[in-house]
Amino acid sequence: MKQRLDRNGIAKRAAKELKDGDYVNLGLGIPNHCADYADEGVIFHTENGAMGYGPLVSPDEPEKADFHYHDAIGRFWVPAPGMSVFDVVTSFVMIRSGRMIVILGALEVSEKGDIANWSTGGAHGGTIGGAMDLSFGSKRVIVTMEHNTKEGKPRIVKECTYPLTRKECVDLVVTDLAVIKVTPEGLLLREVAPGWTVEEVQALTGPKLIIAPDLKEIGL
Amino acid sequence: MRNKVFSSFDEAVADIPDGACIGMDSWAIAATPQNLIAALKRKGVKDLTVVTHCFIPMIFGEDKSTMPSVLLPQMKKLITPVVGIAHLGGTAFVEEYVEKGLEVEQTTIGTMSSRLYAGAARLGGIYNPVGVGTVVEEGKEKRVIDGKEYILEKPIRLDYAFVSAHKADRLGNTVYKGVFRGDGPVMAMAADFTIVEVDELVEIGEIDAEHVITAGIFVDRIVEIPEDGLATARKLRELIDELHSIEPARKLMFG
Amino acid sequence: MRNKVFSSFDEAVADIPDGACIGMDSWAIAATPQNLIAALKRKGVKDLTVVTHCFIPMIFGEDKSTMPSVLLPQMKKLITPVVGIAHLGGTAFVEEYVEKGLEVEQTTIGTMSSRLYAGAARLGGIYNPVGVGTVVEEGKEKRVIDGKEYILEKPIRLDYAFVSAHKADRLGNTVYKGVFRGDGPVMAMAADFTIVEVDELVEIGEIDAEHVITAGIFVDRIVEIPEDGLATARKLRELIDELHSIEPARKLMFG
Amino acid sequence: MKQRLDRNGIAKRAAKELKDGDYVNLGLGIPNHCADYADEGVIFHTENGAMGYGPLVSPDEPEKADFHYHDAIGRFWVPAPGMSVFDVVTSFVMIRSGRMIVILGALEVSEKGDIANWSTGGAHGGTIGGAMDLSFGSKRVIVTMEHNTKEGKPRIVKECTYPLTRKECVDLVVTDLAVIKVTPEGLLLREVAPGWTVEEVQALTGPKLIIAPDLKEIGL
């Protein structure tokens, strides 16, 4: 049956990239859901100053929520054994010093691995936040996003049209249609959503895709 | 012992002049020195430069939660990585002030922290790798060092730091709780005068030397938050309950 | 859980290649990762760059206390603020090595710490105010910023950091004791691989999240110091007793 | 009776500059002795990472000594309530950020307040240490030293001959003969040792001294 992955499906596929002992920062949106599917032993970081925090507080137990314990976008979690808290200076040294994997949402990713994810343009259309730091220093940048805009245009493009977050940093893009690796030769299509052909995915993608010899269906 | 303990927030901010540059950490409601901000509003100084992580519109009334944006009419300049958030109308709330002359300097979160460290250590500038090839580099000097591009960023020094902390002793040795630590420690170091509001003032010796996060030398004034103050455990609890009752907030903040 | 705990120092340093740049904090006997240094000597790698606070001759035999200078025959370069101390013959002990090609880069203590921070935060350089008008500025670029002179200093990045700490849990969350903290935390952040020797390995959860000084992400390998190791409480006690019995040392070290 | 102050006398006079609540770093040599004479409430810093430490360990109680608790030159102290320990990065931000008074030893001090205290010159004659940081950032630099070299030459000079530590930073010089303030107009002689005349002190000093209208004997 031909269908696009839903947001949880994208997150689940991206989470397969994470292994026991990895330090991971998850961006706003789809990336946040990766935590639900990640291996035990993956250690999550939030840039406002905690590493190795525990499960999110469920809406059924609001009494467990505490403003001292939430992530960068305000989701409450509970402390866990082995957690550490720290100031933002230290938090961003963690991010910048190449020890972390980040999974980011994006508006666009270019053929060369440029990412645009902080602003839709316009005078006050966006806010810089920590995305430029996250895309800079991490040992691996994974992007999760919908393959196309609401209007059906490609989000994977020759050149980004939105204000850039960082040039040439994305390693892997996971969308509702495909898993694509950024390589020096170009974008390598490795996996396609169930029921989709290479040609159909290519038609919804800006740059020409290289087809992996071992191309397969996205496995969840 | 030199007294650092003030009995009111108004007294603690009484000498802050027009034009002061004030660091006040804020990650929305978390880590915000709400009582000091409220006192500064009451004082009514103007032409302030505010340095903060998160500058968003007031979500609740000032009696419930006071954030840096309550100072908008008193501000000349804002340095922050986060202006507004999409689901609260984006940056619309600052635009009327920008039209009237408010300068907004956006910086990345990590860059702001590095610039505060640079201010504290009295560096003249740092070559920063983040933001190369983006709007962040506009109008700034760039330089290639060992084959990589960097942007020259200026240090941030503060006249005053407002810090929200958990406990302090009378010497100013301070500890935080959870993500309220934020940029409090580096702002305290980058400031000429640091004013800390704490949940609890404790006796000397109660904080273990190994656990001190901000040493007393960086703390000039301490005010203990009274029961009827802002950002008390009770007030924060009430805010959570209120947010939990609002559908979009519950969806955002609960797993 | 990824295993970070190694059962021997030799194993923990086994992959260090010739030419590595290694940070190892040392304030004479304090804060020195003695067991890791001894293992690196046994391994016999060469052309090392050593970054340390205090580079002084060996005061005691290697069985009693091993300091960075035991690596002199294996070193190509030394970065330090302190080479030798007057009452132990000054810098004489390095001079034969300098003649044979050892490069010695002296830096101020504060500058070294700032350069390590710059390395950790991936800055390309910092404009540093300390050392202007002194030998420190020789051969370096200077620049006037806002009317003040600065020296462009390069970041220090480390291939490996050797850190001497008090306790670590199996995730690498680390705490120190007293002045053994030193530059351990910033070296751990500036290094590609950090190896920590600890008095005690503890279970996850034993170290309070608020008390962690070096978070586990910065720690790659942990070795618990065995009873017959260097820098144990017993060994340090014996050194104090020995120093106390030597007239000049007693005079220097006791009030 | 005409005599020079001894080293303890110099330290005692310098310690009078310190008040309750001051944060103070003491250099090697005479400055170290200032702690013995300072007001209660003066808080001492050691650059290897502690503030507000307790009394020095006496030679009669070596069992109290612990390598985890000593100052930058290796003198053992005992921890005290209200103490904090920190890393060297933080320690030097304390030093550089203008919140501390430092008392330093010196080889020479110039008319303009230049200080030379780290090296007697020569290829490997000295070690940089933290003196340049200490003389840079502090809110006040006080120098304690003997007024003259063993050969009787002035240590207060027109221009330093030894390698500089920092230019134009010294505020006050306390010697065995005099207390001298560095001012924009020149060196202001404020106090002389008991029994010494202005002329005698001037004869042992390089630059021309300005005589304070309220010149007095050094009070201890």
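Order of writing sets the chain letters: A, B, C and D. Residues in each chain are counted from 1.
Here is the rule we go by: a contact is a pair of C-beta atoms (placed from the backbone, for glycine too) under 8 Å apart; a residue touches a chain by one contact, two chains touch by 3 or more.
Owing to the predicted nature of the structure, the values given are computational and were not obtained by experimental measurement.
*Asks:* When I count C-beta pairs in contact, which pair ends up with more: A-C or A-B?
*Replies:* Taking the two pairs in turn, the one with more contacts turns out to be A-B.
*Asks:* Would you kindly say which chain has the C-alpha centre located farthest from the C-alpha centre of chain B?
*Replies:* With centres defined by C-alpha atoms, farthest from chain B sits D.
*Asks:* Chain A to chain D: how many Å between their CA centres?
*Replies:* 56
*Asks:* Go ahead and note the Å separation of the Cα centroids belonging to chain B and chain C.
*Replies:* Measuring from centre to centre gives 34 Å for this pair.
*Asks:* Roughly how far is chain A from chain B, centre to centre by C-alpha average, rounded to an integer in Å?
*Replies:* 28
*Asks:* Indicate the residues of chain D shared as contacts by at least two other chains.
*Replies:* 50, 79, 85-86, 92, 96, 136-137, in rising order.
*Asks:* Two-or-more-chain contact residues of chain C, please, as numbers and ranges.
*Replies:* Only 110, 114, 117, 121-122, 129, 176-177, 210 qualify.
*Asks:* Thinking of each chain as a vertex joined to the chains it touches, would you call that graph a line, ring, star, complete, or other?
*Replies:* Contact map by chain: other.
*Asks:* Give the pairs of chains that touch; include all such pairs.
*Replies:* Chain pairs that touch: A-B, A-C, B-C, B-D, C-D.
*Asks:* Touching chain A in the complex: which residues of chain C?
*Replies:* Interface residues on the chain C side: 1-2, 117, 120-122, 169, 171, 173, 189-190, 192, 204-205, 209-210, 212, 215-218.
*Asks:* Contact residues on chain A for chain B in the complex?
*Replies:* 46-50, 55-59, 62, 65-70, 72-77, 79, 85-89, 91-92, 95-96, 119, 123-133, 136-137, 163-167
*Asks:* Spell out the part of chain C that touches chain B in their complex, as residue ranges.
*Replies:* By the definition above, chain C touches chain B via 110, 114, 117-118, 121-129, 143, 145-146, 148, 150, 175-177, 210-211.
*Asks:* Mind listing the chain B positions that touch chain A in their complex?
*Replies:* Answer in residue numbers: 27-31, 53, 81-85, 90-92, 94-95, 98, 106-111, 113-114, 116-117, 129-136, 176-186, 213, 236, 239-241, 244, 250, 252-255.
*Asks:* Using the touch definition from the top, list the residues of chain D that touch chain B in their complex.
*Replies:* 20-21, 23, 41, 43, 45, 50-52, 79, 81-86, 90, 92-94, 96-100, 136-137
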